[in-house]
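Labels for the chains are A, B and C, by order of writing; each one numbers its residues from 1.
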Amino acid sequence: MNMEDYKIRLEEVSFFYGNFQALNNINLEIRPREIFGLMGPAKSGKSTLLSVLNRMCDLIPGARFTGRIWLDDEDILSPDCDVVNLRRRVGLVLSKPVPLPRSIRENLLLAPRLAGKKDHQELEEMVEKSLKAAQLWDEVKDRLNDSALRLSGGQQQRLCLARTLAMEPEVVLLDEPTSGLDPISTAKIEETLFQLKKNYTIILVSNNTKQIARATDRVAFLLMSQIIEIGDTPKVFTVPQDKRTDDYISGRFG
Amino acid sequence: MDRGKFVERVLFLLALSSISSLVIITIFIFEEGLPLIFHTGLKDFIFSSHWAPTKGHFGIAAMIISSILVTLGAMVLGVPLGLACAIVLAEFCSERLRGLLKPTLELLAGIPSVVYGFLGVIWLVPLIRNYLGGPGLSLLAAAVILGIMILPTVISISIDALTAVPDVYRDGSIALGATQWQTVHRVVLPAASSGIITAVILGMGRAVGETMAVIMVAGNALKIPTSILDPVRTLTSNIALELGYAAGRHREALFATGIVLFVIIMILNLSATLLARRK
Amino acid sequence: MSRRLHPRVTQAIAKTLLWAFTGLTLLILLFIIVNISIKGLPQVTSSFLLQDPQDMGRHGGIFSTIVSTAYITLLAIILASPLGVGTAIYLTEYTREGWATRIIRFGAECLAGVPSIILGLFGFVLFVLKLGFGWSILSGGLTLAIMVLPIIIRTSEEAIKAVPQEYRQVCCSLGMSQWQTITRIVLPSALPGITTGIMLSVGRSLGETAVLLFTAGSALRMPTSLFDSGRTMAVHFYILAREGISMPNAYGTAAILMVSILLINLAAYTLMQRMMRRFS
């Protein structure tokens, strides 16, 4: 593999909440247009890693980080990084679906409007495109002006995904996107991710190992703030190199 | 400077408005009142009950005593009533009934003090005059009206204190075979005691500071009361009654009265704040 | 062994007493409202509302006092709202709990406890005398603004805090700046609660007497500028009642005052409840 062939590259990234070290010397490369999985037990640092990737961690009081993260050729941990622009390039979908208290359309248009898009036609196309990409279009196309709070849980989560896609990000981060959903909605989201892979780099955090096995190309296993193993998903799941990985995926802990 | 920082600075300045108002109020009241206290001497000002502004006598002992007595009287009436309402609402009430009673009782807070004073003059004062004797306008009348006026303060803060007691306390006590009342009075009330004391202190602050209702029903006589049927003049009424025409030393004396009132109120508020923080 | 009542009997006695006290409190409230309404509301006719007072209020209506009340209240609200809402935004969105928030909250709490007569003294010496505004709408409005500031701060803070924390995360992840998040999502969501605070402040201003007696004065003329003295409804009622000028007019004024305050407070309460229910 060519050394330059990455979308995101983490070099010796450590992260602290006050005195607690949530990430310990993480080195990781994520390739363009792959679905990269992060798995590990609760509090292993998966969600923290996501929040560093688009600097949402800045919201947490007492947070500190060291190391470098390259997004293409820009260091996003450097003080010069334009975090607002970064967050537009690296979209995040939270584990709990949080529609804003506006209409479905307004939820989708918030970010593009702030990015300066004004053309009515273009914005309408954006709504349709992102809803279609999130496989929600058929269910809501006749009620775009309804409050987003009235959608079902699964629909709300796909709306949140569509809202992130409407920013036209390059990378999409998903933090346990199906944790509160029923199996049918979960299948829909996974199908959606598979479609999105053509255009986006996707990082999926899940503590559901079956989902990681089904949906990702490559995977990293985190345990107690450290990366234990990285590899192609089928390989990690069939012949794990580390005993702890083996224990985790066979359900002995976590 | 970037926009976020600028907004933050502006908001910080706005946020200083309350504390700076408080500081400015303090400065002006003290600046106007302190010269008189230095002139008369703190001891004479507070411990003499000779108030004759035209002759240069400024002693507010009678008013301090009256304020204290009126406030204590208000507590005697207002605390049991208010606490009873709070216990009923927080412990013995269905969710629906509480949803109805709480806003209703909060209406008491909206009734202007002049209306309380007015009804006191029309209904309470004649009752006292006819059945208990004296002029009717009296310490008792003021205490009763103030007792009613502090109810919203006592009720709402006590309810907060009671509902803050975790349900596991109640369940634990009931599981041990206690009745609901035993639970309330042995477990819940002790657990909520600091909040209830805060409620009482803030109620006192409200009573000490009330002006208009007291002027209307207290009779405003300048002497130390010997009976609850005597007319009295409190610190607040003294200021309000004379500020309209006072000048020179006399006006300073009214601001000095304000200082004493202000200090009393601040001590009450501070102890309430400290108590609430300790919890 | 001393004679002891069965716990159930004690409970029955205690509950009866507590309910009796609560009933008494409700009766007092009912008495006040019914008494003022029965004696006052029949006085309230369109001519009572729309005529200026004549002969010190013995005859005529209360129109000029309604206008003075409106001016002073409006001025107080215009001045206090940005300060109060700004404070609430700063406390909830821009700063962590620390010495700064503690001082600001302490200031607001203490200010809420300052009795109106002290505020009246202060407004009198600063605005009326030192700044030379005289007894005027301006002096009254400025002093009332300080009085209602803590109310607006407290309710706005409560309202902004009720807006789910996740909204801020989502907005951040959508590349919105903090200020954009506040103006586009947080404040619109908290608007009912902020409105509640403003309505409660209006209610408080309508009923206030002690502050205004010494800052806005008691001139019965129709005010034509910010520097004119103006007698509000509450002050008018106080003077009518205390000097025994006209009992019917006093009752009429009291009824309007009380009914409008109660309605405003009730509406404010409902608005806040509805907003809280929406977010819980």
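One rule holds for everything that comes next: contacts are C-beta pairs under 8 Å (C-beta built on N, C-alpha and C of every residue); 3 or more make two chains touch, one makes a residue touch a chain.
Given the structure is predicted, the values throughout are model-derived calculations rather than measurements.
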Where chain A and chain C overlap in contact partners, by chain label: none
Centre-most chain [mean C-alpha coordinates]: C
Farthest-lying chain, centroid of Cα atoms versus that of chain A: B
Distance from the mean Cα position of chain C to that of chain A, given in whole angstrom: 48
Interchain centroid distance [CA atoms averaged], chain A/chain B, Å: 56
CA centroid of chain B to CA centroid of chain C, Å: 17
For chain C, residues contacting two or more additional chains: 177
Chain C-facing residues of chain A, complex: 54, 56, 59, 61, 84-85, 87-88, 91-92, 94, 96, 98, 100-101, 110-111, 114-115, 160, 163-164, 167
Contact set on chain C toward chain B in their complex: 7-8, 10-11, 14-15, 17-19, 21-22, 24-26, 28-29, 32-33, 35-36, 82-83, 86-87, 89-91, 94-95, 100, 103-104, 106-111, 113-122, 124-126, 146, 149-150, 153, 177-179, 203, 206-210, 213-214, 234, 237-238, 241-242, 250, 254, 257-258, 261-262, 264-266, 269
Chain A-facing residues of chain C, complex: 96, 164, 166-177, 180, 184-185, 188-189
Chain B residues touching chain C - in the complex, by the definition given at the top: 3-4, 7-8, 10-12, 14-22, 24-25, 28-29, 32, 80-82, 84-85, 87-89, 92, 101, 103-119, 121, 123, 148, 151, 178-182, 185, 202, 205, 208-212, 215-216, 236, 239-240, 243-244, 254-255, 258, 261-262, 265-266, 268-269, 273
